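The chains carry the letters A, B, C and D, assigned in the order they are written, with residues numbered from 1 in each.
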Amino acid sequence: MNKSRLEAFSDGVLAIIITIMVLDIKVPGQSDWDGLMHLLPTLTSYVLSFALVGVYWNNHHHLLNSLKKISSNIMWSNLNLLFWLSLIPFGTKWMGETHFNKFTLILYAILLVICGLSYSLLQNQIVISLKGTKSDLPAIIKKQNFKVLISGAAALLAIPAAYVDTKISLALFATSSIIWIIPSKAIENELSKKDKNDTDTKETRAI
Amino acid sequence: MNKSRLEAFSDGVLAIIITIMVLDIKVPGQSDWDGLMHLLPTLTSYVLSFALVGVYWNNHHHLLNSLKKISSNIMWSNLNLLFWLSLIPFGTKWMGETHFNKFTLILYAILLVICGLSYSLLQNQIVISLKGTKSDLPAIIKKQNFKVLISGAAALLAIPAAYVDTKISLALFATSSIIWIIPSKAIENELSKKDKNDTDTKETRAI
Amino acid sequence: MNKSRLEAFSDGVLAIIITIMVLDIKVPGQSDWDGLMHLLPTLTSYVLSFALVGVYWNNHHHLLNSLKKISSNIMWSNLNLLFWLSLIPFGTKWMGETHFNKFTLILYAILLVICGLSYSLLQNQIVISLKGTKSDLPAIIKKQNFKVLISGAAALLAIPAAYVDTKISLALFATSSIIWIIPSKAIENELSKKDKNDTDTKETRAI
Amino acid sequence: MNKSRLEAFSDGVLAIIITIMVLDIKVPGQSDWDGLMHLLPTLTSYVLSFALVGVYWNNHHHLLNSLKKISSNIMWSNLNLLFWLSLIPFGTKWMGETHFNKFTLILYAILLVICGLSYSLLQNQIVISLKGTKSDLPAIIKKQNFKVLISGAAALLAIPAAYVDTKISLALFATSSIIWIIPSKAIENELSKKDKNDTDTKETRAI
């Protein structure tokens, strides 16, 4: 019912997920260049996951922005998404410690696919809750869907790719977060248009 | 006095409790299917506790929603609940690492019973604080009580059940969170009715 | 300048301090009654610190409630208090792991004294900032001061007491948090009086 | 778009960064004066980083205060800053555990320089977003820039200084946080002037 607490709780969980990963970076045996080089897989794994969780936070933020009423379904879909995202620090640690072993890489890819599906599930619940409210936001979500799809496809492709070369999988993981850094002008234009509409409406009312 | 800070602090503590449990999932010695299988009890334990803490957050959120004034009693009852909930990550870790050893399972069940009682205590304090405010929310809380009771009974039953078969106890733990996922329409109907009443009152006032 | 962010940050830090201590409770070697008994000092240490940090959060909450303007001095006094409080999980761990060794107990007592002084420092800064604002809250803070003093004296006494018997020190630590659970009616009466005054003023204005 | 969630998320991440560092302070083998002395480098490292992250939180708070609209660029610049800051607990741990080994000290200095650059990047994005809004806040940011510069220069100097004596580097790190504790009156005067202006404008409007 209270949207702000759902946001606060999600922000808290996401902030913890993104930050506790650093606790799993172990101090290497040597304190020199070699020691740092030895940390490279762990650090790469961390950067990757930080970017991915950052993207999820950003999108989650946009998604909930459009929300007006919180139903039980949305509450549980959100908790489901947070659960899968909470496993990312573990996946990151395992992948990093084994220097991107094929098996752990596939597990991580599967985890990302499940996170993507959980995100889509939450999105669906929000679209349903917006039905009949004459909101134009589902259109924006549809545009964001394009990126969600590419992101999910990249994670899915990373599974067979791991059998060829784990580096391809890593490149696909990187892709699935980098595409989000490119601002989807569509969303912002749409939102600023809506803001303008709101202002227009208010001005009209004022008149 | 300031309800929003009580919510913010509780959200923070609950978000940390639910997320730090993942730090206790240790990377297995083998990075293959066997290693993953070896993780199964730890993961099951994690899923169980994530769901239970999620349920507590959800209910806590509904409970505090109905709150208007924060007394010292509510403050301390809330802190008491958070304390017992904060032991869940430890109970989860112990239970998972010992592959659901009977002793740790009973401890976990006792912990859940105490959490349930602490929740009821907090609820009682809130009911008392709502007395004389002509609020119809205690009725909703009474309906939620039904689930609190089943949930508590399941945890209580898990103690003797552990002497028969620890799997029954695990099933009872699962039950005590799954019943919460089923939306109790009653609560939502009641709330939407209240919202309608509020709107009606406002409209009447507007007239 | 923005009070809500100072509160949010402090709540975040306090919520983390109070919760991460549970991460330091190690699973005992034996999963039976003996193992649990072996955990007792660690658990006692945890309960003690949870209560103390809970008291600090509660008081901090009351203190900042009376705040209107945030100066640099308040900002840094607050950060100073959070710093010393952040060492409590470490003190707790050390004290628990050594089964309340005299040396660690004295360190913990010194830490509590410094926390108390830091709290008084923050309080002073707030009293200064309220000067000339015709606020009656310094009176309430003065009443709360009584408990702050007892609490600080108990922690201070725990230092020489440790040379006699560490159990006396532990009892003093417990005292310094238990006195806070007793609601200081004075504060609440004062506040409700103020609320009533506010309402009166508003009603007068309405007339 | 929603500034309050960006603040909440950043506060969460910064609160976690500043607090989890305490988890890396290991209980020493001896529980006496020698044991405490052995902890000294770790504690020094912790104090240093706590102060630095505290300064970043404080500045971040001022910076976002002046913000009105959140663009994608600001969102990502902010996430970039949080990423580099999130590595501070790791740098702190490494530096502390190796008793300020030259190599780890240089790494820490480099990390601080990157954090400083990331902060400037975020600041730039905010200055850009404020362009054309007739806000006088860029002037304040310009004054704050002076401290950002000194702070960054101190971190940069700490790199060659480590080759001479690691103690000079440590002194430079301390400097780069201590200069922030000195309140830059300019900022507060400017802000209070702005507040007064706002009030004046409002009063004028009221007339």
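We take it that a residue touches a chain if its C-beta (ideal position, glycine included) is under 8 Å from a C-beta of that chain, and two chains touch if they have at least 3 such contacts.
Note that the coordinates shown come from a computational prediction; the quantities given were computed from them, not determined experimentally.
Novice: Do the two copies chain A and chain D share over half of their interface residue numbers, or under half; same or different?
Specialist: Interface between chain A and chain D is built from largely different residues.
Novice: Where the centre means the average of the CA atoms, what chain is farthest from chain C?
Specialist: Between chain C and the rest, the longest centre separation is with A.
Novice: Measure off the straight-line distance from the CA centroid of chain B to the CA centroid of chain D, and report it in whole Å.
Specialist: Taking the mean C-alpha position of each chain, the two centres sit 37 Å apart.
Novice: Nearest whole angstrom, what separates the Cα centre of chain C from the Cα centre of chain D?
Specialist: For chain C versus chain D, the centre distance works out to 26 Å.
Novice: Could you pull out the residues of chain B that touch at least 2 other chains?
Specialist: 8, 12, 15-16, 20, 23
Novice: Chain A touches which residues of chain B in the complex?
Specialist: 7-8, 11-12, 14-16, 18-20, 22-23, 25, 27, 31-33, 35-36, 47, 50, 54, 57-58, 61-62, 65, 181, 183, 188, 191
Novice: Name, in rising order, each residue of chain A that touches chain B in their complex.
Specialist: 1-2, 5-6, 8-9, 12-13, 15-17, 20, 23-24, 71-73, 75-76, 79, 82-83, 86-87, 89-90, 93-94, 97-98, 101, 103-104, 107
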